[in-house]
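Quick one: this structure, given as structure tokens, is what I'll be asking you about.
Letters A, B, C and D mark the chains in the order given here, with residues in each chain numbered from 1 onward.
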């Protein structure tokens, strides 16, 4: 299934796909007056120098420029995410909690949230979502009076009761209701993740979805050192796994906040980087001119040919660091801690 | 949560709960002409002497007598389930496949099935369902033409298309559509299993549910040596875990076939067995009479007192064999193999 | 294999085995002047009221009375170990770290320690050791200069170099070398745990062994609420699993500190408790006298008969709480945190 | 740790490391009369067309040419290894069993074998060894008379007794003694795998070591479709993980048979392939000549520069297919089945 991410990427004018708005921005040739339709702010958070980039896609022009739907994308970057350092991780968890709160406030401050751990727990680089879910404090079933009410309620009554509860919940100062699910991937379930989540949302009526997923980046230096938050939901072709159907406010009827960490790079990215570096070097040396007339093919055409030669067998291949288990474990800890802070 | 199973059991006129219709029958004082409203057939299957008991609860009288809802309960018993013996396991898988097919034929021979692996994969004795799901051949997403159709379809169109597919599926000779889910337990999700399944069923519209679960037995000798099939669904208070809401045809709108293996006995059962054995011994010795007048308490009252003394702290306690991991692994293999045969 | 623990227990004058010195003390009929050869101190630690019991077996007389070898047994008890409560757990981790340090000082304050996670990670109640190991900070391979030295060294040279290192390590203020192993159980390896550990100790020459194991208690109320430390090593028949060979200073040549948590009770214990409660009740009512003359059997003989009747099929059975996964996870976190503090 | 594999590879005259003798042969420029010091036979096995290549490194000349130590390397290749196909997998298991038997006969037909599952079970692509071990039939502890003898024996006696057993074992027609260990990786244990195995071998005295490991290949097309057997042991820098110390007959005193499956390719390999393809294309177009004089750098120097530019940050990076979990599960099943056949 992952093939599609890259197949799709290959068609996007020969650009390798990235789930990070940050990287989409880097590759879109920003002019002096910035990118039209995109607002960007950068800041540094805390003593450790966590770099925070806030990318706001404002309109269709911005969407086209970045290839990302309208909304907010917040990226936290810190090299020390990838190493054991408790005080650093605590600081990042707190920053993360702050930004999740902010995004939730922007969508009406829902008091009941369904947290979805996307991905395949059998594949280390895709197991971030399931790992975060394993350490969440789930509270929906602990709400006072809930269990009894519902045991007695028939199906119709219950749905009604739950509707009320949710409203009541919003008024109930500070008390959150957190539920969670690890839906698995399509090879395990035979179902689209979107089908599963849509069904559960319809039945349990949470106020918002908080989705945790492993992402694909463009640059290996970002693997395990970056967290991206967004309020735009999950769309087909994003994530390490593949989601052909959307998890968005449009498809689910409730707001969706996503938290992701890049854990893989499409193997094709390395082909591109290599061809680009070589092209640059040859052009600098004047080889470009010399080659142009030869054999009926321009240099850019040759580069393209190499890409097409090597890429196909790399289609379903991913690049990931050897210690991906440690990185996912560390980042999973940071994120579950951050989410627990938001809802405690 | 598991407490409730046993709390409930304690109230059931001091009988320890069992999920096995076979054991319910044993404890209900069968007369010479059998149990009214209950039909029982016994047979021996294959060279290995798998004992098959078919308990048919016919009406309300039968329901009251057995404490089990109307329907069929098929039990396969063989000591060799619990030891490594490939040819034996193959034979049991085949027998199991045959009985699953028979129960499915009885509910209209559905061609699309959602298999649900109930239980907690973090608790060995409760991990049968998740283990079976890990070895199933999931095929729903492989159906020809499915992926493309649905990628293009909007949400409304898709629901319509799926309705058609399902109908079409039934006509399509021999091709099954198998989907699967491991919903987790309420402490992990904050949701009733029934809520999750109801939502997924409403969204994906399978023709039937096949539920796999670990069960609670009354006798330790049945742990890991018995498989029970039924067509009555899962009801509150059954299973190793606790299901306050039902997974039944009434609650879901589709037939439910259940496959279960007893992996635990409520610890209270041992108190009962011990008291009963002692009472029998004392009565045989005439001590019963002597005691009756003393201290204003009859012997039965004293027995009851001991039960009430010891049972409470055993409420949430389970008895399970030391090698439960091997037994669950073996039985999980037998069951997944059997289910794969049915749908291949 | 676990059968043996209980078979053995059954022969011990019909007493159910416990790994806790605390419980051995309770069942040995302590007189007013205490138990000869045994020194006992009790105290309460910290704000949370962690109950600390220090049992010192001083000589052979004490060994016979308690059925435990000479040495120190420290037990920490707190109900709140079994529930989510971070500040409580931090306090217990700190107390634990303090007592581990004390026991290590008593055996020469070794600077290099091999931590052994005993048990079967496939069985939730036996997975404490492996879970603790998964969260330890392992440092032996990080020592400066170590890697290079050893890559060049031949086998003989290396052994020599390591001997030196160990000595050097002791002088190196505060720097610990921590290695760790999860040896698995005999059904998985075909080897005694003691064989595996003896081999690794001979090859890597740690200064001490720190063994983490799940234990069998006598009372269900202690499951997941008690931590026992000792400096006497692990002996045949102790632990949830079975260890026919010892892990002791005598067998390994290095001191052994053990940390354990009771996670199971032998199912036979419930038979005993029930018979005892009933016997007490009947005797109080005068039924004892009445029964004595009847049928050529005294009441104690009858009780014994019931035990012998019910116990055999319970031999390999264990009692464990339904939420054993949560308890083991919480206790595993407390213990790994405590050990990490000792060696940081 | 994995960095070293690739660092080392980078120094090997800019060749990317492969664990497969088959690939080493491909890259060493075989002449018409073959490679001196290397014997190669190819055949096709069974109905499915499993391609079998037998590479025999005969002497030092062969070692230099291939970069692999003297000994036999048998490679089984079949595309269908990577897909669900039971009859195909059975055929490969049988072929594998035959070749393992042949290699064991070549080293004296040992009757007691320690199977070692190398790798990190937390990293999917490195978990082949642990997965195979989880499905092996372990028998060493089941040998008649063994348990009792050894419980009584002191350490010295036992070692002696075991020496005898081993000899006896060889005479005992057809009965094998299989033990197994998953030693973990250095980041988990702080110890070299070689230290752990050396200690266990010294203590338990198996007749041979059978090592299962995930390998690094040069070509992505071989991932999960190739099994390599060898009788030369495991050497530093091989495997997916890193083994700085050897597991060989020289270091352990017993013969070592290795079974491996390539699951990753070093990310640097893609840089090389891309540069090579581009170089070839440019040279064909005559661009090579044009460029030679320019800027004081020849084209080969420029290629080298690009490699050096891009490679460093790829050092610790691996390429692996998206469905690596399924491939490792399938191959693990084939291999454990094959080994079980050998020793049953």
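What we mean here is this: a contact is a pair of C-beta atoms (placed from the backbone, for glycine too) under 8 Å apart; a residue touches a chain by one contact, two chains touch by 3 or more.
What you are looking at is a predicted structure, and each value in this text was computed from that prediction instead of being measured.
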Steps in the shortest chain-to-chain touch route ending at chain D and beginning at chain A: 1
Which chain's centre, taken as the mean of its Cα atoms, is farthest from the centre of chain C? A
Indicate the whole-number Å distance between the mean C-alpha point of chain A and the mean C-alpha point of chain C. 44
From the mean C-alpha coordinate of chain B to that of chain C, what's the distance rounded to whole Å? 36
Chain-centre distance (mean CA atoms) for chain C and chain D, in whole Å, is 39
So chain D residues touching two or more other chains come to 187
Would you mind giving me the full set of chain pairs in touch? A-B, A-D, B-C, C-D
Please output the residues of chain B touching chain A within their complex, sorted ascending. 133, 138-142, 147, 150-151, 155, 177-184, 186-192, 195-196, 198-204, 236, 244-245, 251
Given the complex with chain B, which residues does chain C contribute to the contact? 1-3, 120, 122-125, 187, 220-221, 267, 270-271, 273-275, 277-278, 281-282, 284-287, 290-291, 294-295, 297, 299, 302-303, 305-306, 309-310, 313-314, 316-326
